[in-house]
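In structure tokens below, several structures.
Each of the two complexes below includes chain A, the first together with chain B, the second together with chain C.
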Partner chain A sequence: MKKAMTLALGILTSVGGFFDVGNIATTAQAGASFRFQLIWSLLLATLLVIFLVEMSGRFAAVSGKALPDAIREHFGFTFWLVPFAVLTLIHLLTLGAEIGGICFALHLVTGIPVQLWAPVVAVLTWFFLWRSTFSTIENSTSLLGLLTLVFVVAALLHHPPSGEVVAGMLPSLPDHDPEKYWFIAVSILGAVIAPYLFYFYSSGAVEDEWDPSYIGVNRVVALVGMGFGSAISLGAIVVAAMVLAPRGIEVSDYHQAALMLTDAFPFWGFVLFAAAMGIACLGAALEVALSMAYTTAQTFGWNWGEDLSPREDARFCLVYTGAILLSALLIMFGVDPLRLTLLTMAINAAALPFVVIPFLLLMNDGKLLREHRNGWLSNAVILFIVILSFVLAVVSIPLAIRGGS
Partner chain B sequence: MELVRDVLDKQLVDREGTKMGRADGIVLEIRADGPPRVDSLTLGFAVLASRLHPRFGDWFARVRARWSVRKSGRYRIPWSAVEEVHQHHIQLAVRAIETPAFDWERWLRRHVIEHIPGSE
Partner chain C sequence: MRRGRQGALGKIAMVTAAVAFLACQQQTPEQELIRKTDAVGPWLAALQMAGEKWTVNSVPARFVRTSVDAAQKAFTKAARETGRSAARAGLRDHLGRLIAGGQAESARLRQAVAAQDRRAAVPAIRALAALSADFEALSKSVDEPSP
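For the complex of A and B:
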């Protein structure tokens, strides 16, 4: 029974972590500007993230350790400092983007400016973390997250040309705006293979007290959970391609993305979009803030855990409180949520080598993982990710400057 | 046992199972009449800073002296308080709450956390 329940962790991680503000922004842009042509990058990223998440869960189940904890223990503080700093930056930017997403959703239904919503959303997000346990957050957000299935429903209602959708699953060269094309491709990879995601996942598995008997469950969770998230993203690309592309609407602002559901659901479209975006971003914001606190507490060896009362892990609580405050300030001071999101996705892609390489080394540690260490297939995939991530690291920032504007 | 591999950076756990920091540093005692002996484990941001560069350590110690709630930047745990070195943690025979390792935790608890509703 408990094992069946842990499927919820996977669904939380996929809805909250997989389908979040980054996916909404990048899939809407991909569909609007290049119709089905960028589906391949979503599929590639999904395949890679399934492997990473599976490894992260397997690592936690066998060693009983979350990744930041284990990396510091094994490689020492000096080695861990750079990935830790990179992760901290990513956590803050991502949290800012997610909070921006929630604020935009609220702006869409109320008309009150995004900036004014930021303090309210910050307090709301903080209060959730302050009061609830890990399983409450897990269960409530994964249940509400089902709302994001509207993108899949809308995609089916539009009867997309299946030939073109299938053709988009294979990489092809763009016939216009190549810089923009590659920028969106990189952003999709950065949005799906979000580094915080697989670091968070291992802490979540420790919170849920996984042991080696969870290896099978973990495999299913990684596959089904990430597949579920990917199907929603695919739905969003299809909807954007069917609704925005024919009208020549390019997504340079979330308001344009918000038109996506209005064809399939004429009256409720806006509200549904706002609700789906708000829920997905709230789930992700909770995860990212927690992830930041897990990473910091484990780095310094503090007491940590969302199931402890704040009295028992004061410093852990201080970290997520500070993170929410700092990230909300970005939005309060008028940083555009969409631009922040796209920049963050490019930085995500560039950060991959720093966070994947220590992880790869650990996964091959026979003393730690015994017979559960990586096999040749996982190593081949992760090696591919490392090489790809080096390329992304080199191209993503210039692309962000040239293709993103 | 190898000190760097098996002790340094490992999680420290107190008598009640509370995580109370990591083995940020190890102090060895050089003796005239025998091989060096492990004197104590040290922990604290100042120890970490000096591992990056000794100058960072000094700089940190100065900043800390002015601002920190902690009386000492480097808290030493005598090796005699180490009960056992496990694969993933070091068991100590102390109570975290009574040690300087928890200065910050105690301060935050008393001055911030307990004033916010719902902290129990």
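For the complex of A and C:
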């Protein structure tokens, strides 16, 4: 009965927690600029994230350890320093983007400038983390995040041309703006395969005290949760393609994306967009801040756990406090939230080899994982997508910056 | 085995270099100007849609106002790029008129919204639609190679 509850809750929270600022920005841009042509990128990313999340949960269930902890122990502190530095940078940028997303959602509703919201959002996010337990954070924000399913409903209401949607599932070359096309493709990969996600997932599994009996539950949660979660992103691409693209509206600012739902829901569309964006970004901001604290505490061997009181893991709390402050400063000093998001998502894709390969090495250790170690299929799929993402990111990021995309 | 791996890496490097080379191909000053001002068209279309949605109560007035403010920043940047460009004078003048039109019509929309005057917003919305179509045609004419 407990397993069934864990399974149901896990699927719901995976679906609700899937969508974040990176998904909103990249899918809106993809649909608005290239209609259904970039769906392949989302599918590729979803395949990889299913594999990575499943591996991450399996590792925690079998070894009882979170990833940073295990990589440091297994390969040594010096080896772990490079992935740790990369992860720290990614965490700070992603947290800045998520805080920017919450601020923009509040700006939509109130009209108050984004920069002014940043300190308020930072304090609220910090307060939530300071006062809550892990399960409260995981369940409340992710269940509220189910509101993002509104993109799926809107997509269905628009009756998209199924032939074109299916054709978009196969990679194709763009007929205009190739720099932008590849940059958005990479950003979608980076948004879905956010490195913090599977590091966070392993720490969460340890917090929830998973053991090998959870391997089946983990597999179903990864497959069904992430699969349905990506349906929300697919819905957002379809809505942008049906609403924004025919009008010639490309998304260079969140104001343009905010119009997406107003055709499907004339009265509530605008409010639904703001609410979905705010909730999705709040959930992700809490997860990213926690993930940064987990990674740092595990790297230096400190006490960690969201369920401990701040007195018991003061340094863990200090890390998320500092991370929230630094990331909020980016928005307070006027960094454009959309540009920050897109660049961060592309950097996520470029950073994948640094954070995935140590994890992959660990997953192939027979002594540690015994019969639960990776098979050749998992290794091949992950290596292929990671190398592809890296090559695309290395080529497209400088081109996009040069072109001002 | 080692040679095979080097060969594969070499192929990846060659494909990467080819993609980078193709993407870096030189553009004419006219194409470069259109690329640097490509935010103008989507903003004209977005303001048109925001105005239309406001007239039917789908979006609040403050959203139209903040959208106009964001668009004005993009228009100012585009006007600066147009002034600096080495593109032919005809294109610069045409684009300059479009941007000035966008600035004027979006300001008119903002005023109508601030006054809650839906009737006054309609001509501004129509003008934004015409400017948006004009910008799209201009972009296409520059992108298409001359016969």
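Following the convention adopted for this analysis, the second predicted complex is superposed on the first by the 381 of 405 C-alpha atoms of A that agree within 3 Å, B and C clash if a C-alpha of one lies under 4 Å from a C-alpha of the other, contacts with A are read in each partner's own complex, and residues count from 1 in each chain.
Definition applied: contacts are C-beta pairs under 8 Å (C-beta built on N, C-alpha and C of every residue); 3 or more make two chains touch, one makes a residue touch a chain.
Nothing here was measured: the structure is a model prediction, and the numbers come from that model.
J.: For chain A, which side has the bigger count of touched residues, chain B or chain C?
T.: The partner making contact with more of chain A's residues is C.
J.: Contact-wise, after the overlay, does A:Gly76 reach chain B, chain C, both or neither (first, second, both, neither)?
T.: In the superposed model, A:Gly76 contacts chain B only, not chain C.
J.: When the two structures are overlaid on chain A, which partner does A:Phe270 contact: first (chain B), second (chain C), both, or neither?
T.: In the superposition, A:Phe270 touches chain C alone.
J.: Looking at the overlay, what does A:Thr295 touch: chain B (first), chain C (second), both, or neither?
T.: neither
J.: Please work out whether A:Thr148 is in contact with chain B alone, chain C alone, both, or neither, and reply first, second, both or neither.
T.: Touch partners of A:Thr148: none, neither chain B nor chain C.
J.: Return first, second, both or neither, reflecting whether A:Asn348 touches chain B, chain C, both chains, or no partner chain.
T.: Neither partner.
J.: Using the touch definition from the top, say if A:Pro310 reaches chain B (first), chain C (second), both or neither.
T.: First partner only.
J.: Quick one: which bits of chain B touch chain A in the complex? Just the residue numbers, please.
T.: Those in contact with chain A are residues 4, 8-12, 18-22, 24, 43, 48, 51-52, 88, 104-105, 108-109, 112-114, 116, 118-120.
J.: Across the complex, what residues on chain C touch chain A?
T.: Residues 12, 16, 19-20, 22-24, 35-36, 38-39, 41-43, 45-46, 48-50, 53, 56-60, 62-63, 65-67, 70, 74, 132, 136, 143.
J.: List the residues on chain A that touch chain C in their complex, please.
T.: 32, 107-108, 110-111, 176, 178-179, 182, 247-253, 255-256, 258-259, 262, 266-267, 269-270, 387, 391, 394-395, 399, 402-404
J.: In their shared complex, at which residues does chain A touch chain B?
T.: Residues of chain A touching chain B: 63-65, 69, 72-73, 76-78, 81, 130-131, 300-304, 309-312, 314-315, 317-318.
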